[in-house]
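Each chain carries a letter (A, B, C, D and E) given by its place in the written order, and its residues are counted from 1.
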Amino acid sequence: AGRREGGPRISPVVAKMAAEYGIDLSKVPGTGEGGRVTKKDLLAYIERMKLQPAGVPAAPQEAELPPWEQPGTGELFRPTEEVLRAAPAPAAPP
Amino acid sequence: MAVEVKEFLPITQRHEDLGLSDETVLRMYYHLLLSRRLDERCWVLQRQGRVPFHISGIAHEGIGVGAAYALRKGFDIVHPYYRDLALSIALGMKPVEFMLALYGKKGDPHSAARQMPSHFSLRHLNIIAGSSPVATQLPQAAGIALAEVLKQKLRPQLEAAGFRVSREMRVVLTSTGEGSTSEGDFHEALNWAGIYKLPLIVLVHNNQYAISVPVWKQMAVKRVADRAAAYGIHGAVCDGGNVLEVYQVVKEAVDRARAGEGTTLIEAVTYRWTPHSSDDDDRTYRTREEVEQGKLRDPLPRLRDYLYRRSLLTQRLEDELEERVRAEVDEAQRQAEEAPYPAPEEALAPVFATEDRSGWWGE
Amino acid sequence: MPEKTLIEAIREAIDEEMARDPRVFVVGEDVGPRGGVFRATMGLWQKYGEWRVIDSPLAELSIVAIGIGAALNGFRPICEIQFADFIHPAFNQIVNEAARFFYRSGGVYNVPMVIRAPYGGGISGGLYHSQSVEAFFAHVPGLKVVIPSNPYDAKGLLKAAIRDPNPVLFFEPKKGYRLIKGEVPDGDYIVPIGPAKVTREGSDLTVFAYGMMHYYALQAAEMVAKEGIDVEVVDLRTLAPVDKATILNSVKKTGKALIVYEDNLTLGYGAEVAAILAEEGFEYLDGPVMRLAGPDVPGVPFSPPMQDFFMPSPQKIAEAIRRLARY
Amino acid sequence: MAVEVKEFLPITQRHEDLGLSDETVLRMYYHLLLSRRLDERCWVLQRQGRVPFHISGIAHEGIGVGAAYALRKGFDIVHPYYRDLALSIALGMKPVEFMLALYGKKGDPHSAARQMPSHFSLRHLNIIAGSSPVATQLPQAAGIALAEVLKQKLRPQLEAAGFRVSREMRVVLTSTGEGSTSEGDFHEALNWAGIYKLPLIVLVHNNQYAISVPVWKQMAVKRVADRAAAYGIHGAVCDGGNVLEVYQVVKEAVDRARAGEGTTLIEAVTYRWTPHSSDDDDRTYRTREEVEQGKLRDPLPRLRDYLYRRSLLTQRLEDELEERVRAEVDEAQRQAEEAPYPAPEEALAPVFATEDRSGWWGE
Amino acid sequence: MPEKTLIEAIREAIDEEMARDPRVFVVGEDVGPRGGVFRATMGLWQKYGEWRVIDSPLAELSIVAIGIGAALNGFRPICEIQFADFIHPAFNQIVNEAARFFYRSGGVYNVPMVIRAPYGGGISGGLYHSQSVEAFFAHVPGLKVVIPSNPYDAKGLLKAAIRDPNPVLFFEPKKGYRLIKGEVPDGDYIVPIGPAKVTREGSDLTVFAYGMMHYYALQAAEMVAKEGIDVEVVDLRTLAPVDKATILNSVKKTGKALIVYEDNLTLGYGAEVAAILAEEGFEYLDGPVMRLAGPDVPGVPFSPPMQDFFMPSPQKIAEAIRRLARY
């Protein structure tokens, strides 16, 4: 068991699970004594993280997905000059 | 998991039992296919960076085509929302009319390149200019329907003043997403509809999400259609991926409305397997498995399977249709790309109308 | 010519337009048998029936949205909002929908509708029955905003608004409903929407006002005339689109401007009049552009002393005129 | 004819079956009587021209008193509307506090003489400042109730930061008229309430009119409570003139809410036999006969009759109560008339708060 | 000091305030797992859980009303309106309720809440994803209106807004979300709501601006500096209550004022700045008070050429500066 920079105790099970899932415990809100991260807290956090967090680079198999199933960049309404600049000159239809 | 569907759902209805000819049901397929291929091309153009934005009607075509065929084209009035590409195509919108808006080019018949794309507005097809603030079209559609009631009630005075009133009421169909039924506009529209027995159909496309928000976070009831009872109007649920079932339910509602028996709230269930729009990163709110499940509701293969089973479609005819549709989409893209942009100063007008051209009179 | 009150002139305008055009109808809370809480539609339900004077459910969003739909389908709705203080639930339908419909449809779908509402304080209405809301809507291109200050204009402008192919917001100073009387011809006439009106010629300074404040501005002008201050009074009447020419011409003559309105000072309508003068009338100015308006507090308080502190009055206008004249 | 009532409806429940002592049910009568006589005096003062305006709670006292007694005073929170004179009296508002607002005098605890009268707002009684735009209080009350849920869900973090969280949730009761249920605010409030199972009671006073508009022009459904099913919350109807029945239904809803089982929409049926307010001429929209019929629902004689039948009230006690109430109303009027008006400049402040005093923490 | 984008600074402000005060929570459409459509709340749902980052039903009226209720009951809600163009359905709850609650309760019930929304054009958003709405709310006493133009201010002002005991509307120029970068200290600091800021000293004329337009105003000032025009630039930052002193002091020095905003010209926020100068700064003026704003059309059109025609740009600002400098 260890402490988080003098913070409340990290129980063995929490430490083990955090290592397994590669989770930075400072990101996990603790509801235990003095803000300690309990096992319940960690499980709830993992459950919430089950959905891929945004910004994770596209998984390889997504490459074959048709454009209308590929996730968008998530960047909404970029400045027009950036969008237009990105647009190649109108080529002949494919 | 938002979708209960486990496997591919065959269409069980028979088109002839619904009064649809072979020719009509094939035309339905053509319109569904055209809408799908046009939609797919727009995604490609957006991913290539040729157009800034696209919001898609994929997964909603069964609802749009089924509803359009139940209406009396050129007579009934439609106040759509941005998923109604297939409804507009089935009512007569040409692919180039959609592409001109997508590119923001001069000649866009919907908004003269002022609105973002997918804001359908075609007066000659009785399609009223859809807005962006969700659900605003619902109480407005109730107002259009109220005017139909007023025409019948005030026929003598109107005709004496030279306004020709059609024998029957025009039916008003307005559509929206299930998320948008949380807006106050939905409540107030249905309340008016119930009190005045308006010739109105409120068609809710329940595609399980409002961008990232699943239905269980949007409302505590299982079915949107359950809310009809709260307003004293009829409610009905149908499988949005079954174009014949949609047609059947909407047709009943159209006849009910035309006969003065009031409004129907229809919930057409589907699943949006595309991202909400070209910008949306849907990995943050759902898993790939769930999306694959949702695609089993796709109206296109389900109608195609039905037509093959009813030997109305052959591989040759299917290929011909695909080729015809591809050519139409290519041509639409070419024209849109060649069309000029509006001149900058066209931004300045028209702000105020100088004459009134509102209304639909006569037959 | 017969003398009528402001409310009588408004009722007469609605009655005549309903008689003249069967597409004209009224929709709002209590407009039917009750005749409207201020009796603006008294007798019309009895005369024209339930399908031309429609008691709406208690919901302003849909009163306007139903009006938009009926207007799109060929009718000419007059939507009554019972008090301007309760127009806010309809803000989305007015500003995002009615105002933008014509422009967003590339000039195809115009929305010929009138939204009428009593406004203004000085009637112990407190925070929620005394509000002035014209500035919100005068800011929105696609809306016409009209405020009559006398019965003659009220009838003529309201008839023009009902015939206008665009959405028109018509705010009526309720303190003047019975208080303000004037000559009003029987039968049909129109006062065009757009032009402001010089209602009192003068040379020393110009007072710009509308609605109840114009009624008070004329009184103040007479009070100071005795002291040798010759005030020009301009009734703005149409707040949007703004009649710049009349504003600039008057200040070109007098060199000084006092703008009076009962709405909150900051970003009230008078701010735009002052901004126009500061830019396009800069070279005419012989003194600061003064504003006399309601203080920046969240509403007209109910209790009489506080209400009087809030409201501009003939005496306060006269005092402001004297200060500006002295500059 | 809006009211089906034909004759005087006796109260059939027995107060002891509802867990109410003799002393409590007599106190209910006292509060109901005090509210009525205070209300009647305000009509007299307005007709005499001593005050500009009065909007009355007459016919609504049974609902107010029944509801107040079902709440945990000093703990639960109330977001009322302008008919809730009896609710406020039963929660502890003093007659002079009402009169000061009626006269717009300095010391008015509700709004410091800024609001029109009957806008109840008394922090020490957990009464939140009622507004004038109808139904706005409903989604706000949902927000107050959501905060109660958040307190329980976030107890560890809140207590770690020094905020004491009560063991149980405070129940939030908000009331409105049946006409106001047509506003979008009603729809959106109930939708939130259903999704998050909020500790909320929405108490609709159905007095058959919204100024001049009868219920059949306001909604197509017979009962407002039927709308509960559209939001996945509980619905209940009760006779608003029967204070014991109101108490019973509201008490069930309070217990349900406290237990985390969510929101109840209660429709309490009554009839407004007074004009809508002191300015309203109700001859334009109803007949004298209908009004007389409506008075048969009056909660005051019905409770008095019950107390006599249960020999809890004697003529002597009744007279004493009348005399005590008259003295209190006289004293309230005297103090209000002697109190000074606010100084004119008091109109200027407070516009912005300089410190935060929001919230209810601890028991 | 690390460099961050505007959106990162905003996210950091929310994260720090949520960590610091358990009463702070976020409510809005798609703010949970999705992290907000502009990623303003990315990762917060994962970090703080479903009861501190709440995905609301799709309805702006109740997002604000729920916020008002939670604020009254001791919490500190941050209500996200997905686009400023969709704030109108909440207009009644913001203007008639949140703004007036404290005054109408005689100073008893304060409403400590923040309403955040991305605003502004130039991003192919068309009529309904490009709007500027600040003028509506700056007109309403009881509301504070704040618009940051850079990441440093965005973080400091948003933290101040979250701690403020009053309703604060915080509009963020979405075109600058990733475009505008700047030094932002890690950890806690506050930029007080109220004061405007002179961001470039100058002597020939003053340009008043905020948000994206202030970002462009600084660029324009550098462009004309090469031509010998020494421009003072003032970032208004807090639009309500207005910081009159900074506005007047600057024009007292330079004698000329150009006000830049992308909202429609008529009754846009700049009208109030011009009106203040025309009255209280009259004796400092050495030239007309100029405004450069969006034309009075019902929205920023979608198609690029028309959008560019509508939007003020560094080049257009520089041209206006040259015209005013020549006067």
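The rule we apply is simple: contacts are C-beta pairs under 8 Å (C-beta built on N, C-alpha and C of every residue); 3 or more make two chains touch, one makes a residue touch a chain.
Everything quoted here is computed from the prediction, not taken from an experiment.
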| message | Along the graph of touching chains, what's the shortest path length in steps from chain B to chain C? | response | 1
| task | Among all other chains, pick the one whose mean CA position is farthest from the mean CA position of chain C. | result | A
| field | Distance from chain E to chain A - Cα centre to Cα centre, in angstrom | value | 30
| message | Distance between chain C and chain E based on Cα centroids, please, to the nearest Å. | response | 31
| field | Cα-centroid distance, chain D relative to chain E, in whole angstrom | value | 40
| remark: Note: chain D sits from chain B at a C-alpha centroid distance in Å of 45
| note | chain D residues touching 2+ other chains are 108, 111, 113-115, 131, 133, 157, 160, 182-185, 188, 191, 195, 217-219, 349, 351
| request: Name the residues of chain A that each touch 2 or more other chains. | output: 29, 51, 53-54, 74-78, 80, 83-84
| query | Do you know which chain E residues sit against two or more other chains? | reply | 33-35, 37, 57, 59, 61-62, 85, 88-89, 92, 96, 102-104, 124-125, 127-129, 141-142, 241, 296-299, 304, 307-308
| query | Where do chains touch, given as pairs? | reply | A-B, A-D, A-E, B-C, B-D, B-E, C-D, C-E, D-E
| task | Using the touch definition up top, name the residues of chain E that touch chain D in the complex. | result | 21-23, 25, 51-52, 56-57, 59, 61-62, 65-75, 77, 89, 92-93, 96-97, 101-112, 141-142, 144, 165-166, 241
| field | chain B residues touching chain C - in the complex, by the definition given at the top | value | 77, 79, 108-115, 119, 121, 123, 128-129, 131, 133, 136, 138-150, 153-154, 157-158, 160-161, 163, 184-185, 188-189, 191-192, 195, 349-361
| task | Name, in rising order, each residue of chain E that touches chain A in their complex. | result | 33-35, 37-39, 42-43, 45-50, 122-125, 129, 174-175, 178-179, 304, 307-308
| message | Quick check: in the complex, which residue numbers of chain A touch chain B? | response | 51-54, 56, 66-78, 80, 83-84, 86-88, 90, 92-94
| query | Which bits of chain C are touching chain D when the two form their complex? | reply | 29-30, 32-35, 37, 55, 57-59, 61-62, 85-86, 88-89, 124-129, 295-299, 301-310
